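Some structures are shown below for you to check.
Both of the next two complexes hold subunit A, though its partner changes from subunit B to subunit C.
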Partner chain A sequence: MLNGDQWSQLLQGFIEEASDLIKQAEEYLLQLDQTPDDEDAINGLFRAMHTLKGSAGLFSLTPLVSFTHHLESLLMAVRDGQRTLTPPLVSLMLRCLDEVASMVSLIDVDSGELPVDETHQNELLAALAEHSGQAVEQIPATQVAAPSACPNRGRLEKCANCDADGAWHISLRFHPDLFRNGFDPAAFIRYLSRLGDILHLDVIDASLPSFSEMDPESCYLGLEIDLCTDASKAEIEEVFEFIHDFSTLRILPPNSALEDYLQLIHELPETDQRVGRILVASGLLTEHELEQGLALQAQASEQKPQLGSVLVEEGMVAPQAVNAALAKQQSAREKRSLESSQIRVAAHKLDELINLVGELVISAAGAQLRAQSHGDAGCVETTQTVNQHVELIREAALKLRMIEIGDTFNRFHRVVRDVSQQLGKNIRLEIRGADTELDKSVIDKLADPLTHLVRNAIDHGIESAEDRLAAGKPAEGQLQLNAYHESGQIVIEVADDGRGLNTERIRQKAIDRGLIDPQANLAEHDIHALIFAAGFSTADNVSDLSGRGVGMDVVRSVIDGLRGSIEIDSVLGAGCTFRIRLPLTLAIIDGFLISLGEEYFVVPLDMVTECLEMDAGQLGDSAYGYLNLRGKPLPCISLAAHFDLPASRSKRRNIVVVNQGRQQAGLVVDNLHGELQTVIKPLGLLFQHLQGIGGSTILGNGQVALILDIPSLFRHLQNHVEASAGDLRQPRMDISGF
Partner chain B sequence: MFDVRHDSQHQPERLALVGSLTIYEVRQAHEALLGALVSSAETRHWLLDLSELEELDSAGAQLLLALQRHLAQQQARLEVTGPAGEVLGMLELLRLQPLYPDVLPAKA
Partner chain C sequence: MNLPQIVKAEMPLASIQHLSFRVRQARYALPIELVREIIEYGQITTVPMMPAFIHGVINLRGNVVPVLDLAARFGFELTEPGKRTCIVIIELELDDQQQRIGLVVDAVDAVLDIDSSEVEPAPPFGAGIRTDFIAGMARDERGFTIILDVRRVLSLDDIRQLSLAQQAS
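Here is the complex of A and B:
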C-alpha cells in the first residue's frame, strides 16, 4: 500500500502532467482555430483530453473525470466528422479548458480532495450541450457518415460497385480492459467509416460468457470488418492507434493471397469455421477456396512475403506509395519514442547538480594551479585532462537547464486571441526563433514581463481597424515575438506595427508627474525610456488590461534582476519594438579576469570586444572620460577611481573595451589575466545594493574575485556623462592609429 | 442515470430501460437485469423496451447482446421495441441484428 506521502507525490506528478496536457490541449485548440480541419491537432487534442480523463480516474478525481468526459465526447464527435469546431465552439472549449486547469490547480495534494464550482461548471456544460444539441439535429444519429461517393455507402449489403477492387479485411480483438480504460469501439468504427464504406461488419461474440457469469465492464467482443477505401494500410492502422495497447489488429489488403486469409483465420482465437464463413459471406473468399484452403492448412505454408511486396506485386500500389506510408509510420513511431524518452526531474535537483558542478569547476581550477606551481609534468597533464572533462560536464549540466522559449511564446496565442477579442481588434501573432534555448529559471521569470509587454502592445500599440485603415495600414494588426542569439546574449523582441510611442505626450506626462525638468532637453530615446519609471502611464483611459501605471517599472525591475537590459525602438505611426537582452544563463559564465593592484575582477567574456594597452601618463586620474578609438569617442571608466581603490603605480595601463547592445565603453585596469570559467555566487544581502558588482566568484587559488555588472556600469557612466555634460575634457588622447 | 422498470404483471413481461446504459452504468444494469431474470425464471416471452433509453455505448450494447443470447439459450423469446436516435444508431452501427426491433421506426 502507498503511504500518504507517496500518494501526495503521485498526485503532485499527476498535477504536473495534467498542467502539461492542458497546455498542449490549448495549443491544439488555438491551432484548430486557424485550421479547423487539421486532423493531427484534433487527434492530439482528443488524446490530451483522454489521457487527462484516464489519469484523473486513477486518482478518483470524479468531478474532473466527469467534466473532461463531456469534452472528450464532444471531441470524439468532432473527430468522427459529426461536428466542426466553429470559432464560438473553440472559445467555449477554451473556457472549459480554463475550468479544467482551475480544477487541477485546486486539487488538495494532501487530502486528494477537489472543490468544485458547480454553478460555473453547469453553465459551461449547458453551453456545451447546446452546441451538441444543434449538431445532433443536423445529422441524424442513425446515418453513418461516409465521405466517399459510393452509392452503397452505409448499407449492410455487399457493395457491388467496388467488388472489382475488393475490400480491406480488418480483424480486431479487444483486451478485456478496453471499456474500463474509457474506449468505445463504436467510436472507432464511426471514425473508420470516414475512410470509406464499411461493407460488412460482424461483432464476434464467441467469447462472451453466459449472462450471469459475465463481468459487464469487461470487453468480450471482437470485430470483423470489410472496408472499401482508398486509404493506405497505415491510415487504417492510425484509426486504431489509440487502442493499440488494448487490441489485436490484423489488416488484410484487398485481393490478398489466399494463404494470407488462411493465416488470418488460423491466427484468430475463434474456430476456423466462424471467421471463414464471414469471409465467404463478405465475398472475399469463395466457398470453394475456403474448403481448399482449410484442407491445405495442415501442409507447411510457404514463406510469407512481406506485405509491402505483396501489395506491389498485386499492382495495387506504386512502390513510392508504400515507401511513403512506411516513412509516415516510421516518423510517427519515432515521435512516440521521443516522447517516452523524456524524464521529468525536479528543478531543485538540477540546481543542486549545477551548484556542485560549479564547485567542481573551482576545485579543478585550484588543482591545476597547484600542479603548475609544483611543476610535475605528469600531474599537470592529468589536471588538464580533468579540466577538459569538467568543462564538458559543465556544458552538459547547463544544457540540462536550457529549454526552448517556444512554449512560453506559444502561450501568447491565447493571450492575443482573448485580449484582441475583448478589445474588438484583429491581431495576428507571429513567432520567430521559438527554438531559441534559454535557462529555465530565466524563462520562468520572463513570463510576466512578456505578458505585460504583449498586452500593452495590443491595448495601446495596435490601433483599431478603422484607425489602421485610415492610416493606410492593413486592418489586421501584427504582433511579433522574436528570439535570437546575439554575442552571447539572448535577445527577445516584442514588436507591433501600431501607432508607436507618442514622444510628446510621454514628455508632457513626465513633466506633469515631476519626473523630468520642463527645461530638460532630452533625446527621443531617453524620453521613451521614461515609461519605465515607477507610476508612469500615458493611457488616457484606464482599461481592464493596462494603463494603471503599474507594470512597465515592474518589467524593468524583473529584467534588471535577470542581469538583462531592455530598450525601445519606436517610430511614431509605424510601430514599437521592445528589445530585451538577457544573459544565457545565471549560474556560470565565461569570464575575463583582470586586476587592479591586489584586487581581482571578472568581466563576462562575451561582452569584451578588444583590449588596448597604453601609457599611464596619458590617462590622468579622473574616474570618467573619453578616448578616441579609431575616430570615435569611447567613454572610459577608471575602475580604480570608480571603486575608490588606491590609484595604480604601474606605468602601463590596459583598457578593456566592452559592449552592450550598440553601446561601447572602455574599462581602465592594471593587468589582464585572460579567460576563466566563473561560477557566479550571488552577493549576500548586505552587498546587494552595490552598484556595478553583479556577484562574486572564487578563483583557483582561493582568492575572491568580484564580477562586474557591465549594464549597471553603463548606466552609471551615462548618468555621469549627462550630469557633467559641460565640463568633459575630451578627447584625452588619440589612439586612432591602433 | 440508469433504471430498469420490470413489469411482470403483463404478458409478455416487460423490461423497460431508462436513461443511459454506458460503461458507467453497466454494472448496475447487469445486477438489475439479473435480478429480473431470476425473479421471473419461468417467463418465456420478454419485451425489451428501449424507447426511454437515451444513451448506449459498446459496453451497454455488449450487455444487451449477452442478455439476448442468454434468453435465446433458455428458449425464451426477446422482442425489442422502441430504440430511437442514438440507441438505434449504435445497434445499427454494430449491426446487432438480434437486437433490432421487429418494427423499425419510420425515419424522419
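Here is the complex of A and C:
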C-alpha cells in the first residue's frame, strides 16, 4: 500500500501532468480557432482530455472526471464529424478549460480531495448542452457509413475504386466495462468509416446472456468488420486507440494467407463455425476454403502444434501493409524518441547543482591564487587547466536552467484573443524569437509584467477599428512579442501599432499628481518614463482590464528585481514599444574585478566596453564630471567619492567605461584586476533598498566583494544629480523665460 | 483556591538560557536559541551608503552574512576592534525569511539561566539605550543584564528608513 506521502507525491505528479495537458489542450483549441478542420489538433485535443479524464479517475477526483467526460463526449462528436467547432464553441471550450484548470488547482494534495462549487460547472455544461443542441440541428449527421459505394463489395480481388487491395478484416470484442467508461462503440465505427468503406459489418452477440441475467450497463457485443481502405494497419489501430483498454482488437490485412484467417477463427471466443460463416458471408473466404482449412488445422494441431504460429510469422501481414506500417511506425518512433530525450528534473535539484558549481568556482579561484603565490610553474599550469574545466562546467550547468521563452509567449495568444474580443477589437499577435533561451527563474517572474504590458497595449495602445481606419491604418491591429540577444543581455519587446503614448497628457497628469514641477523642462523620453511612477494612470475611463494605475510601477519593480531595465519607444499615432533588458542568468556571471583602496568591486563584464588610463589631475577631487572620449563627452563618476569611501591615494587611476542601453558612463577606480567568474550571493533583506549594488560574491582569497548594479546605479545617479543640479538649473530657466 | 493559579503562572517560567555579552560597559543578553555561533572579529567588507551601524558583510563559510555593530546601533561610537571583540551570529525570521545576521560585541561573557521571575520590565529611561530595544532586565547578584528585543534592534523598517535617508544625502 502507498503511504500518505507517496500518495500526495503521486497526486502532485498528476497536478503537474494535468497542467501540461490543459496547456496543450488550450494550444490545440486556439489552433482550431484558426483552422477548424485540423484533424491532428482535434485528435490532440481529444487525447489530452481523455488522458486527463483517465488520470483523474485514478485519483477518484469524481467532479473532474464527470466534467471532462462532457468535454470528451463533445470532442468525440467533433472528431467523427457530427459537429463542427464554431468560434463561439471554441470560446465556450476555452472557458471550460479554465474551469478544469481551476478545479485542478483546487485539489488538496494532502487529503486528495477536490472541493468544488458545482454551480459554475453546471452553468458551463448547460451552455455546452444548449450549444450542442443547436449544432445538431444545423449539421445533419451525414457521415454515417454510406454502405459501400465500392462495386467490388465482398470480393477478394483488388478493389478498383479505392486503390486498396481487397478488404481489411477487423474483429473487435468489447470489454464489459465499455459503457461504464462512457464510450459509445457507434462513434468509433462512424470514425472508422472516414478511413474507407465498411463493406461488411456483423454484430456478434454470442456472449449475450439470457434476458434475466443481462446487466444493461455491461457490453456483451463484438463486431466483425470488413473495411476497404488504403490506410495502414497503424491508422486503423489508431481509430480504436481510446478504447484500447476496453476492447480486444484483431486486424488482418487484405489478402492475408488462409492460415491467418484460420488462426483468427481459432482465437476468437465464438465457435469456429460461426466466425467462419461470417468470413464466408463477407466473401473473404469461400465455403470450400473454410472447410479445407478447418480440417487442415485440426490435422496440424494434432501433428505439429507450432505449425500455426510458424505460418503466421511467415504470412501474417501482406507486403504493402508492412511497408506502410513500417513508415508509420518509424515516424511515431522518431517522435517518441524526441520526447523521451527530455528529462524532467525537480528545479531544486538544479538549484543545488548550480550552488555547488558556484562553490567550485570559488574554491578553484582560491586554488589558483595559492598556486600563483607559491610560484611552482607546474602547479600553476594544473590549476589553470582545472579552472578552464570549471568554467566549462559552469556554463553547462547554467544552460540546464535555460528554457525557451516561446512557451511564455504562446500563452498570450489566449490573452490577446480574450481581451480583444471583450473590447471588440481585431488584433493579431505576432511572435518572434520564440526560441530565445532564458533562465527559468527569470521567465517565471516575467509572466506577470508581460501580461500587464500586453493587456495595456490592447486596451490603451491599439485603437478601435473605426479609429484605425480613420487614421489610415489597417483595421486589424498588430501586437508583437519579440525576444533576442543583445550584448550579453536578453531583450524582450512588447510592440503595438496603436496610438502611442500621449506625451502632453502624461505631462499634465504628472503635474496634477505633483510628480513633476509644472515648469520642469523634461525631454519626451523622461516624460514617458513617468508612467512607471506609483499610482500613475492616464486612461480617462477605468476599465476592468487596466487603467487603475497600479500596474506599471509593479512592472518596473519586478524588472528591477531581476536586475533588468525597461525603456519606452513611443511615436504618437504610430505605436509604442516597451523594451525590457534582462541579464541572461541570475546565478553566475562573468565579472570584471576592480578595486578602490582596500575594497573590491565587480562590474558585470557584459556592461564593460573599454578601460582607459586616467591622469590624476583630469577629474580633480569632484565626484562627478565628464571627459572627452574620442570627441564625445563621457560622464564620469568617482566611485570612491560616490560611495563615501576614503579618497584614493594612488596616483594612477583607471576609468572603466560601462554601457547600459543608450547610456554610457565612466567609472573612476583605482586598480583593474581583470575578468572573474562571479558567483552571485544575495545580500539579503537588510540591503534590499541599496541602489547601485546588486549583490556580492566571494573572491578566491575568501574576501567578500560587492557587485555593482549598473542600471540602478545610473538611475540613482540621474535622480541624485538632477536633484542637486535642479537648484542651479531653475534660475537659468527663469531668465530665459523673461 | 490560589494554588492552581500559582502553578499555572510558574509553568512557563522555567528558566531560559541566554547568552550574555558586553557592549561598552553594559551587560546584555539574548535567548540562546537565536544564537548559531560566535566567531572571531575578522575581515569585514564595507557596504557603502548604509547607516554606520551596518558594518558590512562577512564570508561565513561561503555565505555572505551582514554584520551589525551593536554599539553603533545603540547610538555609541563605532566599535574599535580589540582582543576580545567577537561577532555573534544569530538566525531569525525577518519578513518571512530566515536570515542570518552577525552582531559585533565587545566581549562574550557566559551562558546564563535566566528565570523569568527575575526579569523586570525596562525602566522608562536611564538604561542607556532606546527603551523599545529592551525586552526586560534580568536581575542577578552582579546587577542587571539587559535582555534585548532582537526584533526591535533589527527592525527592517527602521533600517530601511535609515538607509534611504543615508542614500538621499
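Simple rule for what comes next: the second predicted complex is superposed on the first by the 528 of 738 C-alpha atoms of A that agree within 3 Å, B and C clash if a C-alpha of one lies under 4 Å from a C-alpha of the other, contacts with A are read in each partner's own complex, and residues count from 1 in each chain.
What we mean here is this: a contact is a pair of C-beta atoms (placed from the backbone, for glycine too) under 8 Å apart; a residue touches a chain by one contact, two chains touch by 3 or more.
Source: prediction; values computed, not measured.
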Go through the superposed model and pick first if A:649 touches only subunit B, second if only subunit C, both, or neither. neither
Contact-wise, after the overlay, does A:706 reach subunit B, subunit C, both or neither (first, second, both, neither)? second
Is A:630 contacted by the first partner subunit B, the second partner subunit C, both or neither? neither
Quick one: which bits of subunit C touch subunit A in the complex? Just the residue numbers, please. 43, 45-50, 54, 56-59, 62-66, 94-95, 97, 99, 101, 156, 159-160, 163-164, 167
For the complex, which residues does subunit A have touching subunit C? 359, 362, 599-600, 642-645, 681-687, 689-693, 696, 698, 702-706, 716
Quick check on the complex: what are the subunit B residues that touch subunit A? 23, 26-27, 29-30, 33-34, 37, 57-59, 61-63, 65-67, 69-70, 73, 85-86, 88-90, 92-96, 107-108
Residues of subunit A that touch subunit B when the two form their complex: 136, 140-144, 156, 179-180, 182, 184-186, 189-190, 201-203, 205, 208-212, 214, 216-217, 219-221
